[in-house]
């Protein structure tokens, strides 16, 4: 497939790896922010190919993982309401709430559907006028335009039975949260290419400057990742702390203005709780009051109690890159993908699950 | 996060009385629908990056080559830094 | 091919509960052509079981088929149900002979659809050289089933030269795949509600017994283990083998054959082809000395055109399957947890 | 009896789709005790089929079980599924040996209920002297199944003295029933939604192979035909026999054994007990010369306490079953049309 | 079972049969009005035991059979409405409408339930407040109190989601319709014991007188039937035409006043179409206007076209006792219980089905 | 039409605040609920005729015997009519 296969070329990867090994003179710790990058690194076995002194740390870049417990409980509650069809992306279904996951709610009879796109939820609402369709709208900036568009489509269709339960999170505040922790060891960032496709790269200049840290907007294929890592280390070796764009074929410096306009029309910035991290100010989107009719939070006034996370779970530290998953006392013991204790074990994007699934090789 | 895949637009049709452009996008032999609302300039033949049914960017062919050009450039650079490796 | 067997005239268009009652309607349904269609000397003379004659080592296997939708590109649940049990018997090194055929029909199923499934069963049996000798039909209320569920159980005669067993798997054995991965699972997903996409990916379901027979006659007990990587895909089957043999398996990503369209579908849905279900391929673990010849012979067969050596059995990393990625990295290929769900992340 | 097999600790209370995916959850479910519970030397070593050794004339039978509710007075679908196929093999004059066991579970099924069914299967197998040697587990979406469907297929060795065939049925043969009619069907109806009534009618499901074996060893080929009158009841089975032999059957209503409570239930629901399903009884067509001795021996067995000669085979009225009513009248007992529905009229 | 077994005593039956044979000096043609009696006659093989000169003719006494096509079509239509649960007695489900039966509607996904009692339909309505429960209330006078009670219970419970689709028919007008046909050969009637249990026997005096015909209120067990037949023939032999009550253990001359009160509260008499016979004036019940809220005909204003019955079906003649089922050209040919052409082949009570199921012995 | 079966009342309870009497009725060993609204005088121990869940009559024990008494009476009658039979 064009624009995919070329970026998986083993020879190019090996050449970049060679260059990395040549220029990395000391131990460097780099965080890839995005779960998709984590996934690609482990799936392609790249972690084992990097020189030992280049340490990748998996960031909080999995929107499924950082969705707080009580929001999942709320989604489960709505799914179990008579007449409600609750829809979401496949990865959201397995995440356990405080009592059960959406998949378990479905097994007990709730009408839960996996959709490829929020636009299909709007179609579903049109086809089922006697049902309430709730789309559990999770995601980073990348997914926000699609979720926002679904609301605009529903409004245009005059649908009264469509609403979204938002759990939108924003990347730059999370990066700042990571850097603000004194324990952090992060020296460079691979910024999330698809987030920047929407938002552009302007947000990163002040961060890079404030923390004096290189930030490379990076793609997701092996070649992208090794180039991004090379560019980061090169900056580090040269003592630089700049924003660079490895992923220019997709990311324009200004991002995607149409997409941002749609986001701004529908959403406004709000404080947001991140599972395992806590509330980060101005780190999420919620629906604007003009779209209150499409806000499942308002439409269904459900009181769900906040619930405590497992005490043994060190997800916060893992998500900030302070600890590796295998440093958690429960990793692979009480906490496994079939019975996750914390969010990062749930989605295959989650740092703990990624390690569990792909990186056990480290144990051999 | 944010699985997004490049595919080629093979046809475009209008919906909602012309307000919305929907494309058929080809991914290595399979086609799926995607909204072009976020990429108003996208045309048949363009490669777009699609995420959850919405095209979010047109892939830039010139920029795409740079990754490989950059690699070629590194060699020269290193020659400038003989102290390393 | 359905054209060769036009549906007989019946005075009902739809299966109702009465067709499963054991009374006149059940008899009408069966007399409507089911018995004719599947006719053979041994077919249950409407007694409670069939009488067969068997000698020696025998393989016995069962599977229930619950696929949705029941019609999918290139095939349907009927052909699948025959091939599935035929293949399980073939994986035992057996020559499949007799099948039982048991339906659980949901009321409201159209007779037309049922007939098409039956005709596919007929042709699949003929192709695989097996006979349906006993059967059963139940009808459940609307909303308590999903159109058609089929159970086939099968009996086969183990080939005298076959010696298929986990116990025969040794370090250094080669792992051979007979064809492209993930084809069937993706063909099904392409027609599944909420995910539909346009493609001409077709299910690869086929009977594998003839290919297996050819291989066993040539390579005898150098064939150590045979497995069809159905549910859970190649990953699940290999993990089971590694777990049960206490050996490790190395997989070479670059050798794993996959169709380009199937790969594209896996990309957009975020699925790993190693975890996607297959129906028309099988894995062989063979003595490494004959592995090249084995693949050569397999490639001459219609079922094995894309055969590849994709891995080997190792003493290192016992119970683990490790993939050497195309770019030279390594990762563990775990047992899948549950159903693979399309990802956005 | 369930108490003897406490449910193992599992970290799920409910079956979900993942348990049928072929991955970790499927393995967890099976490892949770299913394999332990049904353990035997031959049980599928998690291969695609089981290897068994068979000699001579063999009977092969299949049935899917779809009963609702899955738990009913005195038994459940698990025991029923074992006994059902055991009995079908027994009706072939065979000694049942090996079973396949295939589940279609509806997601949401509680593990507790599944476990109880499994334990019943275990004990039913032990009682009947059969082993489950191969199996399958599928999970379907909520609303696409009905808690549990079970298919069992079975293999048995035909007794050397047995010669059971429609072809052996002659005019003047006697028709023997082993016990009370309609018990099972009415037990099920007593717990069915919309019809519930209070009763202690219990399903009579039981394995009949041991009784059949005793009878065949004593009476050999004087036993011409054996049939268990399950779905469609005695009426359906006798009509099939009459149709297929081109002979007539005379039935004596006053000899047909029925429990008083069962009769009462049939009265209020307007059901004819001849059309109600049975599970724990069988019909024998035997040489009339030995009929009395046959019934005498049957009555000494726990399965045959209420055995009776209830009819005879005749040349008159071929293909028809005619009942002599208790008051001396005659009527044709037709093949039931469909499901018997409770009447008001 | 007490009050059942005694009346099945073969010896008593035989004695009555003997007496009948002794007193019947010529051919007598008697109609048992009630399908339940037909059922019992054939099920117990009584028809073959009666002397040849005693001819029983099966009357129109099967409410399921006489329900007109378009009402079944309406029930099917309602069953297929979203949110409607249509309930009825088991025997009603198999009756074919012009396109399908309720059983077929159920097979195609309609929510159709078999209930033992209309009172359970009220329970269902209480348990399913978001559904509309429609009870298809067929029956003669016997069933009218139960159907009426269901409406009273629903009203008492304040249920807004319960209604009945009535197809109530009355016996005396049907008897008159039979007698008014010039072709009729009927010389005596077994009147329906359970109808009289409710209505008493007063209605029969004028009819008996008008047509100079004996009318014996008769029960359903073999002894009841042979006694009733004996009493009829005895009157005929003696030239009498009186109303007698064979079924005194259950039927009081005044009927059941409480039951009649409930019927009168809820229903009023109306003209009614009988399948195979046509409209008979004052031969049915419909809900009184005070209960319009519970009238499915009013609640769901469904227009269903009247449909023609099969031309080949001589059901009208059969139901009036003018022809025997086997005199119909389609009996057992195009018309069988699995694909009935006319109503009397549908229910096992129906005259044609009764013959098909139980009396083929006559062919031997 | 109108399948109605005699059964024995084994217990009575009130529903709807005492307005409605419901009975458990025994039919040869099985029990089912029936409304007694149509038979206000029915008591535990009485036999009632039940049709679709509603008791419609109390069986009269004295009348029940008459069927058999009638048969006995016929004999005498026939002796009075020696011309028949």
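Each chain carries a letter (A, B, C, D, E and F) given by its place in the written order, and its residues are counted from 1.
By definition in this document, a contact is a pair of C-beta atoms (placed from the backbone, for glycine too) under 8 Å apart; a residue touches a chain by one contact, two chains touch by 3 or more.
Listed by chain with UniProt protein names: A, E = Hydrogenase expression/formation protein HypD; B, F = Hydrogenase expression/formation protein HypC; C, D = Hydrogenase expression/formation protein HypE.
Remember, predicted model here, so these are calculated numbers, not experimental data.
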Greatest separation from chain E - chain, by CA centre: B
Farthest-lying chain, centroid of Cα atoms versus that of chain D: B
Whole-Å gap separating chain A and chain D, where each centre is the average of the chain's CA atoms: 55
Cα-centroid distance, chain A relative to chain C, in whole angstrom: 37
Mean-CA-position distance for chain F and chain A (Å): 75
Contacts with two or more other chains, residues of chain A listed in rising order: 1, 4, 35-36, 62-64, 89, 103, 116, 120, 139, 143, 337-338, 349
In chain D, residues with contacts to at least two other chains: 16-18, 24-25, 141, 143, 260, 263-264, 267, 270, 334, 337-338, 343-345
Multi-partner residues of chain F (at least 2 other chains): 1-3, 5, 7, 27-28, 32, 51-52
Chain D residues within the chain C interface of the complex: 16-27, 45-66, 68, 87-89, 91-92, 94, 98, 100-104, 133-136, 138, 140-141, 143-146, 149, 151, 153-156, 158, 164-166, 227-228, 230-233, 236, 240, 244, 275, 277, 334-340
Touching residues (chain side chain A, partner chain B) in the complex: 1-4, 6-7, 12, 15-16, 19, 21-23, 25, 34-36, 61-64, 89, 116-120, 139-140, 142-143, 145-146, 149, 153, 156, 192, 194-195, 197-198, 223-224, 227, 230, 237, 246, 248-252, 256, 258-259, 262, 349
Interface residues, chain B side, partner chain A - complex: 1-6, 8, 16, 19-20, 27-28, 32, 35, 37-40, 47, 49, 51-54, 56-57, 59-61, 63-64, 66-68, 70-71, 74, 78, 81, 84-85
Interfacial residue positions of chain E with respect to chain D in the complex: 1, 4, 8, 10, 13-14, 35-36, 39, 42-49, 62-64, 89-91, 93-94, 103, 113-116, 120, 139, 143, 222, 337-338, 347-349, 356-361, 364
Complex contacts: residues of chain A adjacent to chain D: 103-104, 106-109, 337-339
